[in-house]
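One structure is given below, represented as structure tokens, and several questions about it will come after.
Read from first to last, the chains carry the letters A, B, C and D; within each, the first residue is number 1.
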Amino acid sequence: MNAVLEALQLKADMEDVQSCKDDRCLPINHVGIKDLEHPIILHEPGATQTTIATCSFYVALPAQQRGTHMSRFISIMEEHYRNISIHQFQSMPAHVTEVLDAESSRIEMTFKMFRNKTAPISGLQSLMDYQVSLTGEYSGEASETLIKVAVPATSLCPCSKKISDYGAHNQRSLITLTVKPRDFISIVDLIDIAENNASAEVFSLVKRDDEKYLTEHAYNNPKFVEDIVRDLALSLNSDPRISGFRVETENFESIHNHSAYAMIDRLSK
Amino acid sequence: MNAVLEALQLKADMEDVQSCKDDRCLPINHVGIKDLEHPIILHEPGATQTTIATCSFYVALPAQQRGTHMSRFISIMEEHYRNISIHQFQSMPAHVTEVLDAESSRIEMTFKMFRNKTAPISGLQSLMDYQVSLTGEYSGEASETLIKVAVPATSLCPCSKKISDYGAHNQRSLITLTVKPRDFISIVDLIDIAENNASAEVFSLVKRDDEKYLTEHAYNNPKFVEDIVRDLALSLNSDPRISGFRVETENFESIHNHSAYAMIDRLSK
Amino acid sequence: MNAVLEALQLKADMEDVQSCKDDRCLPINHVGIKDLEHPIILHEPGATQTTIATCSFYVALPAQQRGTHMSRFISIMEEHYRNISIHQFQSMPAHVTEVLDAESSRIEMTFKMFRNKTAPISGLQSLMDYQVSLTGEYSGEASETLIKVAVPATSLCPCSKKISDYGAHNQRSLITLTVKPRDFISIVDLIDIAENNASAEVFSLVKRDDEKYLTEHAYNNPKFVEDIVRDLALSLNSDPRISGFRVETENFESIHNHSAYAMIDRLSK
Amino acid sequence: MNAVLEALQLKADMEDVQSCKDDRCLPINHVGIKDLEHPIILHEPGATQTTIATCSFYVALPAQQRGTHMSRFISIMEEHYRNISIHQFQSMPAHVTEVLDAESSRIEMTFKMFRNKTAPISGLQSLMDYQVSLTGEYSGEASETLIKVAVPATSLCPCSKKISDYGAHNQRSLITLTVKPRDFISIVDLIDIAENNASAEVFSLVKRDDEKYLTEHAYNNPKFVEDIVRDLALSLNSDPRISGFRVETENFESIHNHSAYAMIDRLSK
């Protein structure tokens, strides 16, 4: 085969397999790429930080189309979304839907976020890490964003305190808030709500006087997982910036090898 | 304090903190224990095996009750559910709801299951492991069970095959079926459906002639993630034992460091 | 090509690629299969349980041999090692070395093990899970086995107790013992040593009077990670069944989002 | 108690529990903090990037000292090590040893690192992520640093290619290099060595002509795990910048649900 023929043959071979007609007549809800690691610059009010997001991008595929164009998701991410704010994230699903020529899309981004915390007595500063997930869906008619933060904290058991002559079992607890914002709410504000409703906050760096304070503060604020999710729900119910929420608390029990867990769901309302 | 007074005092101290009235007036959707590890004996038609389940048990808590009784979940598991079949699992949520004196409950069990597979040419036998999850909810009016199996398989890229002069990239793929049964369907039947719709099955033990067969079989059955979920949906749509399903395929792409993913959801219909 | 020629050609094609001479002159320390999931029946003195092991099998490969025979590892496992005791495990590396026609081998098996525990006051029984790893190496001259158990426990901070007017932070802690046995020692005996040296043991099922006991017991036994590894080392140093050990403690600190960790290594002596 | 007495009492209570004499006469090899998440700015020759490190810091504790001062590790990290180059990391263990007033220390930092890659035919650019670990030990006499990089790649099975009439099974493979540097070697140079010795490299973004190239390139470069570690060892043996190494390859086999693995260890020489 001569060179010209070879080139033509190659072009034919290269035909777009993904665009072939599909005769199974089945639309697909989500198709795309999962768990792409990508650096992002996160913009919160008054603060900017570089972090690494695990990203998934999906679109719906109509019944007659055989495949989507996976590489476009990467191009969009590389070109447009190195900088992420909640505001910017909210416009992403509609943009992806358009570029992929689809009817709907779903985007997920999970990343660690840090903030500076000040120890309660010594005033020492240190960084704490929080796991954050943003999820966005667009379907032509409606667009929806969820913000989820997982906040480590201390919980101290009211029952153990009450029945024991001294001491009370306590443990690291993970508080998770998932909110549907009505107006803008920052991730840091959500972390504050979570930390304020635990038995005590956790810090990376404490001195002895902080440790004394935190120990006694937790002892003075015993809470079951049930108490924590109810107190969180009270806070979020009265927050005009939020139109729906799910609150969860998981205690990595110090007296068991399993967790205690509670959840209040006000997302569907 | 004398011994009698001490005993009375102890009894008073031991009062049931969890049963206290709660004045926040907030019902809790799920409260319970999460990620308890427990051995179970799994009963499938014609086969029994011992495995280890990661179990979570939740009940709803009415607004006026402060806490649930976490230890009862463990007692129920220890006393009644060492032996698990799908049939038995289906009655568990109602039972837990009753024992915990609740209005609704949710139970999750995830475990590895093994089955003997026969290599396609050599006929050699070996065990393959599959991840299985059972989820059950009971709310007084209705009870619902979901069976989920994750099945490793081979997928081979149709585009790569078509455009390349030789070879085609392929990879391990994870096919996940989540079904709402109408009539009884065994876990093994679901695994069969998944394996039949991949480019090729995977085995723990193959000889050279099996490897030749599997390599050529995959090359003759190229499938995108989109193709796999559509073929799975066709199989499940026509299965009278199933009233709803979600099918997912995740390719751990051999040419990328991220996954390709597709999902068809027919659970809500 | 006629059928006979085709068969001959196939046989030639099927020639043993792994046995080809290799001219890079580089021996390989470990080659084999990693993370095979396989059910085993674990035999401890007076008790037998079925569990699931994650198994890895490696042999050394001499410089002139191109590849090993991966499928033989699976065959050995399927045929000979469904039943595992520590005694049986100790003979496995020599057996694998022989069957693979190698000079040395290394085998790793990690599995969950359960044992029945009795709550300290109520006497209620429940199962606790422990992660166990067996590692065996054989090199012709010498054979070596290591037994590793990871035991969840409670630790309570002596500093927090001392400086606070009431309460003390405590948390779930993971104690890990890795021992080189001289004479037989059961896995359960190792778990006992770990549990006896924590601030308190953990249980799956406790009633209120157990919770009171455990809370007060931990408060009466405050220990840093440093204390726990030293107390463990004292116990193991004086145990004639053990010729070497490494002890580790990791506290999932209730006042931090990181762990405190200590380790004493007496394996190299 | 009046205020002055209370203050004195507090001061006494606050006495440094960690500095108490310990009479168990057991030195501790490693004590410190594990899995602290901290942002770092990574400096490689000609490139700087912000990433998130999981950090562990340990010192040795002499027999007569009861505890170490955990909070100092955090202070050192916050004050001195936001900027990390390999050079800077190499001086860290001696610094930590001095600040903690110890005899030896061990530091571990694990982080994701990105680099821009150019697709082989289209020339499109995209980011790839790699897992990197730095480990440093200082013991007064000697200091040692290890650099470890885990590089995803494609491997294609020589046996499958040889025995099959068409196609060959291939899969994502993880190549891990752990090197003891003699002179400076950049992390990117190590990644290059790993990628050059696989059947093919992986990319985040490829177009059809890249996919054709990579498919055929892998088919033309079939390699067992044994071949990959030997080819890596040949490359590293002849590199004057490296005084010792361990090379590992793990294939996430597309025809099995377990991995094939090989390792050559030249760290101890």
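Before moving on, here are some points about what is shown:
We adopt the following convention: a contact is a pair of C-beta atoms (placed from the backbone, for glycine too) under 8 Å apart; a residue touches a chain by one contact, two chains touch by 3 or more.
Note that the structure is a prediction, hence the values are computed from the model and not measured.
In terms of the stated touch criterion, the partners common to subunit B and subunit C are A, D, listed by label. With centres defined by CA atoms alone, the chain at the far end from subunit B is D. The pairing of subunit A with subunit B is characterised as same-residue: of all residue numbers used at this interface, over half are used by both copies.
Subunit A and subunit C have CA centres that are 34 Å apart. Our note on geometry: subunit C versus subunit D, Cα centroid distance of 24 Å, whole angstroms.
Averaging C-alpha coordinates per chain places the centre of subunit A 27 Å away from that of subunit D. Within subunit D, the positions touching two or more other chains are listed as 14, 36-37, 129, 159, 163, 204, 206, 208-209, 212, 256-258. Across the complex, subunit C meets subunit B through its residues 14, 36-39, 49-52, 71, 74-75, 78, 112, 114, 125-127, 129, 204-209, 212.
On the subunit D side of its complex with subunit C, the touching residues are 10, 13-15, 17-18, 22, 24, 26-37, 56, 58, 61, 66-68, 70, 158-159, 162-163, 224-227, 229-231, 233-234, 250, 256-265. The touching residues of subunit A, when paired with subunit C in their complex, are 128-129, 152, 154, 156-157, 159-160, 163-172, 200, 202-204, 206, 208-209, 211-212, 214-216, 218-219, 252-258.
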